[in-house]
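First up is the structure itself, then whatever we jot down about it.
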Amino acid sequence: MSRPKPLKILALLLSLVLVLAACGGDAEDETGDAPAADEEPTDNDAVDDSGADAQETEEAASGETVEISFVGTQPPELLEPVVEAFESSQDRITVNYESVPFEELSAVIAQRVGGATSDIDVYYADAPRNPSIVDQGYALELTEYFDDLQGVVPEAGLETATIDGKLWTVPMRTSTQILYYNIDLLEQAGIEPPSMDPEERITWEELADLARQAQEAGAEWGYIDDQVSRYYQFQPLPESLGGGSGLTGEEGLQPDLMNDGWLQATEFWAGLYEEGLAPRGVAPDETKPIFVNGNAAFMPGGPWWIPVFAEEEDLNFGVAAFPYFADGEPVTPTDSEHLAVDPNSEHIEEAVEFVKFVTTTKDGALAMASGLAVPTANLEALPVQLAELESMRPELEGFADLAMYEIENTAVPRPFSVGYVQFEEVMNTSLEDIRSGTDPQERLQQAEEEIESAFQRL
Amino acid sequence: MTIGHVENPLVRHRRRATASDGRRRTFRHRHRDLLVAIALLSPLIIALILFRLLPVAQAAIASFQLPDGGTGLGNYRFMLDSPQFRNTVSVTLWFNLLINPIQIVLSLALALLLTQRLPANRIWQTLAFAPTAIPIAVSAIVWRVAFRPDGPINAVLASLGLPTQDWLITESLVFPSLITMASWVGVGYWMIFLIAGLRDIPTDLYEAAALDGAGWWRSFFHITLPLLRRQLTFVLVADTVVNFLMFAPVQIMTGGGPNGATDLIMWETYQQAYRFDDYSLAAAQIVVVMTIMLIVVAVQFALLQPKERL
Amino acid sequence: MLDRHVPEWIRLWVLTPMAVIVSGFFLLPLWWIVISAFRPERDIFRYLSPLDPRVLIPDRVTLENFATLFEGQFLRATVNSLVVAGVTVVAGLVICSLAAYALSALQFRGREVVFAIVVVGFLVPFDAVAIPLGETFQDWGLRNTYAALILPGVGNGLAVFAIRQFFLGIPDELREAARVDGAGPLRVLFHIYLPLSRPALIGAGLVLFVFQWQAYLWPLIVVSDVELQVGPVVLAQLQGQAEYGFDPGQIFAGTFVLAVIPVLALLRFQRYFTQSLASSGID
């Protein structure tokens, strides 16, 4: 342990903190954020220009400016492009973005929107939580403000945004899943990479075989889940076998986990871990480093990892269509964040204008997409964004068509229920127990009981 | 540490002070004391009422509000009927029965070790304290990585030829793992308070004991432990409270698993309140946690401070 | 001290290695955090499996994580944390030592009961009552103020406990002598008790400081103004995107900054803290 060196660095850093504290005090105005613009690997030239001159026009805007407050779960840097693009698209409304950790979003919404503080105007609404948000009166009904959104956003997203024939939220992002593979590890095992053509997608059974071959040929893991043990990631497996989402009944308040589809899918998935093809005890945010560092042959995951993976020069990866069960249908998970407007907002008109800009205009949607590679829900902007992702590696040719196909044809939204949050929590815990070696059938039985018990509270 | 010649009279005072603690005063004296006490206590009491008792009262009232809009004992009945909640209570009690004595013994041992005149003593003390300064969520991430089946702890075990373990996903190993992590975070913090107490024990007592031929263990049991009682009580009570309310490590490292083995009560309450928006059930759980904690703390006081009563 | 009983050879050849080994247990995870703050993001989870010495000995060092971190809200948030914790410690020490004096030096009926209520009352899990308390603060118009961040931390049962335990050890005779000289309770407190109690005050200050330094849920609920956000909240925001991307480099860099400050403070105060009541009476 070399003592003097770290201590010196500590002292240096502390003095830096203190100096910055001293001058940071009156630098209230955050126009100084400009240098942050080139630090993010956005790779989206289309939007960068609009941000550049936003700076100059900002001061000029006089008269009655309205500031709306926007709450989301991503760090402010990622939202800067869309805020700047919106502010330069008109000169009446400015946006103050506030980032809240995802885990605490619903608490913050309950506290502020529920408490009628009217200090939020627009906020992120996680799609499957929509019924609960609407149920509690946290969202303004948007039907009268929006023309028909059919064809503007994906069908599945519109379905979750609409309750009782009324529009409550607007889909901002959507999602899909693809199968990533490590080209080097596949070559090493002499495996032909699976196809990107949705018609020729491989089955889960084939994937398990390939994973086994790759592992035998030296890969540390044959397979790894992106959001492991999360319901979102797992849902397509039982759905593919016709087991349904796990919730049935008119209002989605009846757990249904003991059917053949669920049991078969869960046992298959548990087997991947039991056999040691995939690692147990690794948390969802630790799985990507395993793939990035070349320690896993296959990983089903979201397309938002493409920019992250493409940046790693020594990572040779390709993508294929998401697998399905030999006896079942191709199914992919979908949906993501929507935007909602606080019913207590004092600037409803301005808030709606911002939501429209982000979700229904191509420029707005692309500006949003430039911060984070989660697919935009705007169907006009989506192909542009997907093409951009595809261009990051030559091996990705065909990815845009594949993703578009999945979103339009195989996407199945998460179940529609006021009890979704409770259901998801029970499912995540149960899947993690099953991954760790608990008997699938017994654990699913118990999960049903837990869900029933939790639903009594609704 | 400077021990000058001036200390001796004070130390003598001090020993007599223990005897004078319980001495009765005149009525007039007491009456004046009461008025002064009210004045001195009022800022704290106001803070206590506004920022703790009032919201607790609100929570207690909320605990009788039912999801269907009515009022009654329904939330409590729901909890008692729920096998998960019964598991939660028993897991919480077991966890505390294990972790509190372990942490007290460890911090005392650490305090004793690091008050020996060892080379570079302050470095060791500071290292032991430093984990307290790490945001608990980050500590939990670090230990989650350490305990991974393919993680560094198993790698070290394997290189020593020992069998590797699935630390956080095996029911019998998850408590020891959590206790290790929580002790890494907390033991150095509690050690600091015990060191302050150890420094406060007059040296001449040990010298006298040594002259009488008492060994290390006798001195420890007859001088150190009795004179450390106040600090130990403080540490025990405070540590118990912290461990009763632990949830971030559960949230990040185990999610209550495997199979509910670490479903500690505050994790359950946190989920009800902040994930499920079921505030009235969370409030009922808070009332239950508070009641259990009150009983445990009362027992600790009764056991450790028999002579402090008026 | 108890160490008089320990022979020199044991101290050197048994206890010192023990101290080193025990410190190693504390050091290794800390070291991992520190080097993770200073290495390229990709290397952070890289050499864990199979284990490689580079887990602990970085082969590439960079300040990039700090550069990225400091471009965001983090520095200002850290300053906010410092302000909140600093004011809390000062105000809290005043409030808690006044109360501790009343609960130790003064005699009145029900003193022990009041003390028990104070200690137990403050044991209320603060996170658990944050929701109703947040509503109360909103009614008072205190949302988005430093006051909202500071106030719930100034009263602290454990701080009172720590100070009172120390005060109880101060001989009555000292107080009585001052009283005979005509000193009022405040003078006795500030001129006799407090100067003697530096270790306890530092201990109590530590309790008050750590409470605010680790505060997370309450600031999140009571503050929406970006300008007022505190360090742990901003750190958690970096983690908030874990579903879509995870920036461990920035998180560890932020952790490093947040941890260094209290550690330096402790190093600074350790000298006083480890003084005994007796020796602190000299000045």
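The letters A, B and C name the chains in turn, as written, and every chain counts its residues from 1.
We take it that a residue touches a chain if its C-beta (ideal position, glycine included) is under 8 Å from a C-beta of that chain, and two chains touch if they have at least 3 such contacts.
Since this is a predicted model, take the numbers as computed values, not measurements.
Novice: Would you kindly say which chain has the C-alpha centre located farthest from the C-alpha centre of chain C?
Specialist: Relative to chain C, the chain whose C-alpha centre sits farthest away is A.
Novice: Look at the interfaces A-B and B-C and say which one is made up of more C-beta pairs in contact.
Specialist: B-C
Novice: When the C-alpha atoms of chain A and chain C are each averaged to a single point, how far apart are the two points in Å?
Specialist: The mean C-alpha positions of chain A and chain C differ by 36 Å.
Novice: Return the distance between the CA-based centres of chain A and chain B, expressed in whole Å.
Specialist: Averaging C-alpha atoms per chain gives centres 39 Å apart.
Novice: Go ahead and note the Å separation of the Cα centroids belonging to chain B and chain C.
Specialist: One centre to the other, that is 15 Å.
Novice: For chain A, give me the residues that contact two or more of the other chains.
Specialist: Residues 103-104, 107, 110, 286 of chain A each touch two or more of the other chains.
Novice: Going by the contact rule already set, what residues in chain B reach two or more other chains?
Specialist: Within chain B, the residues that touch at least two other chains are 123, 145, 148, 150, 273-274.
Novice: Which positions in chain C are in touch with at least two other chains?
Specialist: As it turns out, chain C has residues touching two or more other chains at 27, 45, 49-50, 131, 217, 236, 239, 260-261, 263.
Novice: Show which residues of chain A lie in contact with chain B when the two form their complex.
Specialist: It comes out as residues 3, 103-104, 106-107, 110, 132, 136, 279-283, 286, 421-422, 425, 428-429, 432-433, 436-438, 443, 450, 453-454, 456-458.
Novice: Inside the complex, what are the residues of chain C that reach chain A?
Specialist: The contact residues of chain C facing chain A are 27, 34, 42, 44-46, 49-50, 66-68, 70-73, 75-76, 78-79, 82, 131, 134-135, 138, 143-144, 217, 220-221, 224, 226-227, 233, 236-246, 256-257, 260-261, 263-264.
Novice: Which of the residues in chain B end up touching chain A in this complex?
Specialist: For this pair, the touching residues of chain B are 67, 78, 82, 84, 123, 144-145, 147-150, 166-170, 255-259, 271, 273-278, 281.
Novice: Would you mind writing out the residues of chain C in touch with chain B in their complex?
Specialist: Touching chain B from chain C are residues 1-6, 11, 15-16, 18-20, 22-23, 25-27, 29-30, 32-33, 45, 48-51, 55, 95-96, 98-99, 101-103, 106-109, 111-112, 114, 116-129, 131-133, 136, 151-152, 154-155, 157-158, 160-162, 165, 168-174, 185, 199-200, 203, 206, 210, 213-214, 216-217, 231-232, 235-236, 239, 251-252, 255, 258-263, 266-267, 270, 273-279, 281-282.
Novice: Tell me, which parts of chain A touch chain C in their complex?
Specialist: My answer: residues 1, 6, 10-11, 13-14, 17, 20-21, 24-25, 28, 30, 33, 35-36, 39, 69, 71, 73-78, 96, 98-104, 107-108, 110-112, 115, 117, 119-120, 220, 227, 284-286, 288-290, 292-293, 295, 302, 304-305, 308, 312, 372-374.
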